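Labels run A, B, C and D following the written order; every chain starts at residue 1.
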Amino acid sequence: MANSEFEYTRFFEQTDVLLPDTWIVVRLDGRGFSKFTKRYNFVKPNDKRAIDLMNSAALETMRSLVDIVVAYGQSDEYSFVFHKDTQLFERRAQKLVTTIVSTFSVQYALQWPKFFPDEPLTEPYPTFDGRHVLYPNIKTMRDYLSWRQADCHVNNLYNTTFWAMVNQGGQSPTDAELELKGTFSADKNEILFSRFGINYNNEPEVYKKGTVIYRDLSDTTGSSSTTNPLEGTSRSSAETTSRNAGTTSPDSSTTSPPTNTTSTSTTAPPSKTQLDKERKRKLKATLVAEHVDIIKDGFWERRPWILAGRSAGKKGTH
Amino acid sequence: MANSEFEYTRFFEQTDVLLPDTWIVVRLDGRGFSKFTKRYNFVKPNDKRAIDLMNSAALETMRSLVDIVVAYGQSDEYSFVFHKDTQLFERRAQKLVTTIVSTFSVQYALQWPKFFPDEPLTEPYPTFDGRHVLYPNIKTMRDYLSWRQADCHVNNLYNTTFWAMVNQGGQSPTDAELELKGTFSADKNEILFSRFGINYNNEPEVYKKGTVIYRDLSDTTGSSSTTNPLEGTSRSSAETTSRNAGTTSPDSSTTSPPTNTTSTSTTAPPSKTQLDKERKRKLKATLVAEHVDIIKDGFWERRPWILAGRSAGKKGTH
Amino acid sequence: MANSEFEYTRFFEQTDVLLPDTWIVVRLDGRGFSKFTKRYNFVKPNDKRAIDLMNSAALETMRSLVDIVVAYGQSDEYSFVFHKDTQLFERRAQKLVTTIVSTFSVQYALQWPKFFPDEPLTEPYPTFDGRHVLYPNIKTMRDYLSWRQADCHVNNLYNTTFWAMVNQGGQSPTDAELELKGTFSADKNEILFSRFGINYNNEPEVYKKGTVIYRDLSDTTGSSSTTNPLEGTSRSSAETTSRNAGTTSPDSSTTSPPTNTTSTSTTAPPSKTQLDKERKRKLKATLVAEHVDIIKDGFWERRPWILAGRSAGKKGTH
Amino acid sequence: MANSEFEYTRFFEQTDVLLPDTWIVVRLDGRGFSKFTKRYNFVKPNDKRAIDLMNSAALETMRSLVDIVVAYGQSDEYSFVFHKDTQLFERRAQKLVTTIVSTFSVQYALQWPKFFPDEPLTEPYPTFDGRHVLYPNIKTMRDYLSWRQADCHVNNLYNTTFWAMVNQGGQSPTDAELELKGTFSADKNEILFSRFGINYNNEPEVYKKGTVIYRDLSDTTGSSSTTNPLEGTSRSSAETTSRNAGTTSPDSSTTSPPTNTTSTSTTAPPSKTQLDKERKRKLKATLVAEHVDIIKDGFWERRPWILAGRSAGKKGTH
């Protein structure tokens, strides 16, 4: 029973190393979540517990993989962005995607009782699928994130209106769906306001904007403490509350182009010591979850470290 | 904030549909398990609780995906085989791999307390990575499984000997490693027997052979009940015990070629009703976990339904 | 100007090694040939010179790559089949495809004057594109070839009828096209016979069946001489004429399954000497171009060496 | 003989659409050219006829594919760069690569007699293989071209020295090779000068720099005439001679970064009419072949149209 007789089968595995110098987005989606959310009585249109759980699982995922520079989530989906320079797992696609999927899934399942103490987890169990997408430059990668945030807004406005019509207006789901067909944003805002006294602008930012997570490297003294969402989400919640769009109005006042954020002035590649130091700094950095606009340039310009290259060497510039 | 402005970014996602008519193997491996097993005090060389947990998670994974026809696991790895005819998720690679990884990971994490009641799960959390491999025919796919089972044997013999030398013989790990370097199977058997009175052949089959899982479709009356590993592993354990190699000696007596198992005699493709019926039959079928030889033809010949095509149509024959 | 400063760019090239143990089909198609054929006054519906040129270029391509076991061509397309065991160019996809495209294109261009002595080659020059397709087993690979031959028949029947209506019947192309829309084979046969006295069955086999090329290894004494299409196509033409379907009637009388053709009885992998010997035998073998049915089993059963494995070892069986 | 019975085999072909917004380089290499060059008595170290033929084939290839923005060749290799915005053949990899390989190969074969009037083309016939490489931005794409030009210099210095030692110095090839092993550029320059009176700097630019081809869009009045290499290479040769590095000294005096060359100021995507107009302008533009430095920024800065986007729309910026 020699091992070598069958070992040739290992050569059927094909390499899936991703193009260098390219941004890697890994996106997760809940599997069968329309059924799942019914089974566990999710509040409609938005269940705060569920969103908090998604964010907490994402925080933990990002904490365990320092090469993820930013993440964005809404509804039952989450996107994780690896810096274009990442060499994690030699950039093997399946390794990157499955590691994120596994980490996120386990966190979601294990943290469930904290967020849904009254809903014991039995069948169906929560699972997520994932896939990667490559973006060759900052513009297209940011446009992807903008697409997801625009999608969040469009869906949330629709869902908020639909469920107001059903829950408060007493319309049947079919009837509400029919009436909303073909309407524009202005129409939905009008329905919300005139019929139900709801000003959509006053809806919680977390539902309108989704959640963006990044490392706070602004404080160069590095006195940050790591958030541990497993010890409760109070800190995370407090943080995100205090960082809503209302308190970050400067976001819309900036004008310079976002690609500036990657400008690098030194030319020598980083030493091993520098990389280790940078890695430790990231490990210690506070992870911040915010519900703010990431479509305009402001968000990125005020946090230039998010997309900054870790090196200014040959391969590290944009 | 029109959605369409950014929607072009969706076209950066690339298709990953796998070659039709080809066996798909998805293999999971525990991430960082040498550290993980130390942290949770796994018994060496084999921890029965850990193996039972792996098998229980695999059973649940297979139960949720009826297109998996057979699975094989050992140590911290598990391989799941999709029939070459599967159309699940349109054969998209990442969808197949991440669904299995997510399902398995969640089951492993959630079932942990049942198997490790004295080891609360904190950091590090268990995670798994995964990848797919294609095999164009039964021979190469079976050779892959044989490779994994041969690997199981080789590793287990080594580990059994190594830990006997360390735990019972009082040798240092370094010393034991040095002495074992370059030895053959016979040498290790001799060390085990002469020094520690251990007859390797009498070691538990689950450690020597690993675990194969399949649906028991032998009983055509379909009176089977589904195993539910979440309700405890007693049934699974009992079953596997009673199905050890010792009780399946006919395995080694067969001679006819394995490719016969896919011979199909009808020619019409199955109707929608037939497929639904077959699906239900599989859902209801008992999942069996055994610790037997899967390298020789006997295993496959006595369970011809495992690799049998679900149709005899154009695309279904080998 | 150190070389190494820029050499990192070589790592952007991605591997494209094709799945082992799988049949590789490389198919070429003429680029812009509807315009090309008008420019050089190709006879409609079939131009014997053009078909002979395609076949001559294909013969030369096959002669230069002994790993191609069979080729099939019709109209402005040609398919080349590499044996599933081929290790040529380490099975790199682009290397395989571009080598065939380059060889065929050069032959087509250089041999042009022999087949079109009255049509000097200027702009547009003939070019071909190509792509590979994998087939995991003989059945699907043969079905691919059957698809192309069935396509040849369908197109030729249509074109023969269409051009008879236009050239002999004096109908306008638009009018002929309209009348043929939605007609069945029987209708077209009827039009040909009743209006133009043409019995489609009597049309030349080369137009109805296309051309299959293979090495004649039936004569084990190996006294064969290589056809050199560059020295004129007389031999090839003579050969193909004498091997038309009319003279190969046994083709339709066989019944046993085609997969038998790969049955191998020995078990040891071939030695280096054996492989060299086999290679030389193939280099010396006569290349045969025939216009016969390759859909039924007969063709393959009477030439079992075409698809036979070159070895009976581990990786060589089906 | 229904077509549809076998048509399923078309679904075995897998898509190979290349990542959008990414530079596509297609590189050709002569197959077996060390043997080929011996057979046709190529002059060593450089055969002017062979280089001129390569350049003439490349000019014709570029002329037929206006989406190629620049090409670079040396020895028996040529690299063609498609703009990152190209939608040619829907960016299908094999279609792009084989079209270039086929076009170039045919031109090389057909133009052979003009460049080698005394060497009739028989066996072996010239063939080329090809592959694509993706570069996500201008920097990496230009670094690729720099790599090839640096390689040209390194090889040419070596070959010039080696053949001087053999042809003029009377050393055996083995002896010359041994002596050159481990030498630096300075050593080779010294050998050339002290032993053979050769100042390497005075060697022809075409051998030291290779050849870059681009469209001359500098003259906006568009009065250009297309070079037709098939009518003889005199124009091309004259042009390249007059554009040698010696006459383009400003190349080394520039300092601003190359990425500026793609800056676009307008924001509306181009209209269909604009694209057609631009296409016609390119078709009419003179193709220029030069032997100049393309590693420094100067070359690119003085010809900003080469890498300029054809649109300033969403997907067109870098």
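Annotations for the structure displayed:
We take it that a residue touches a chain if its C-beta (ideal position, glycine included) is under 8 Å from a C-beta of that chain, and two chains touch if they have at least 3 such contacts.
This structure is a prediction, so every number in the text was calculated from the model and none was measured.
For chain pairs A-D and B-D, the one joined by more C-beta pairs in contact is A-D. The best fit of Cα atoms from subunit A onto subunit B calls for a rotation angle of 180°, in steps of 5. Put simply, the C-alpha centre of subunit C and that of subunit D have 33 angstrom between them. Each chain gets one centre point, the mean of its Cα atoms, and the points for subunit A and subunit D are 43 Å apart. With centres taken as mean Cα positions, subunit D sits 52 Å from subunit B. Shared contact sites, meaning residues of subunit B that touch two or more other chains, fall at 5, 8, 12, 14, 19-21, 134, 140, 143, 314-315. The part of subunit A that touches subunit B in the complex is made up of residues 1-3, 5-10, 12-14, 16, 31, 93-95, 97-99, 101-103, 105-110, 121, 125-135, 140, 143-144, 146-147, 150-151, 153-154, 295.
Those residues of subunit C lying in contact with subunit B across their complex are 19-22, 84, 134, 136-137, 139-140, 143, 314-315, 317-318. The touching residues of subunit A, counted against subunit C in their complex, run 5, 8, 11-12, 14-15, 17, 19-21, 314-315.
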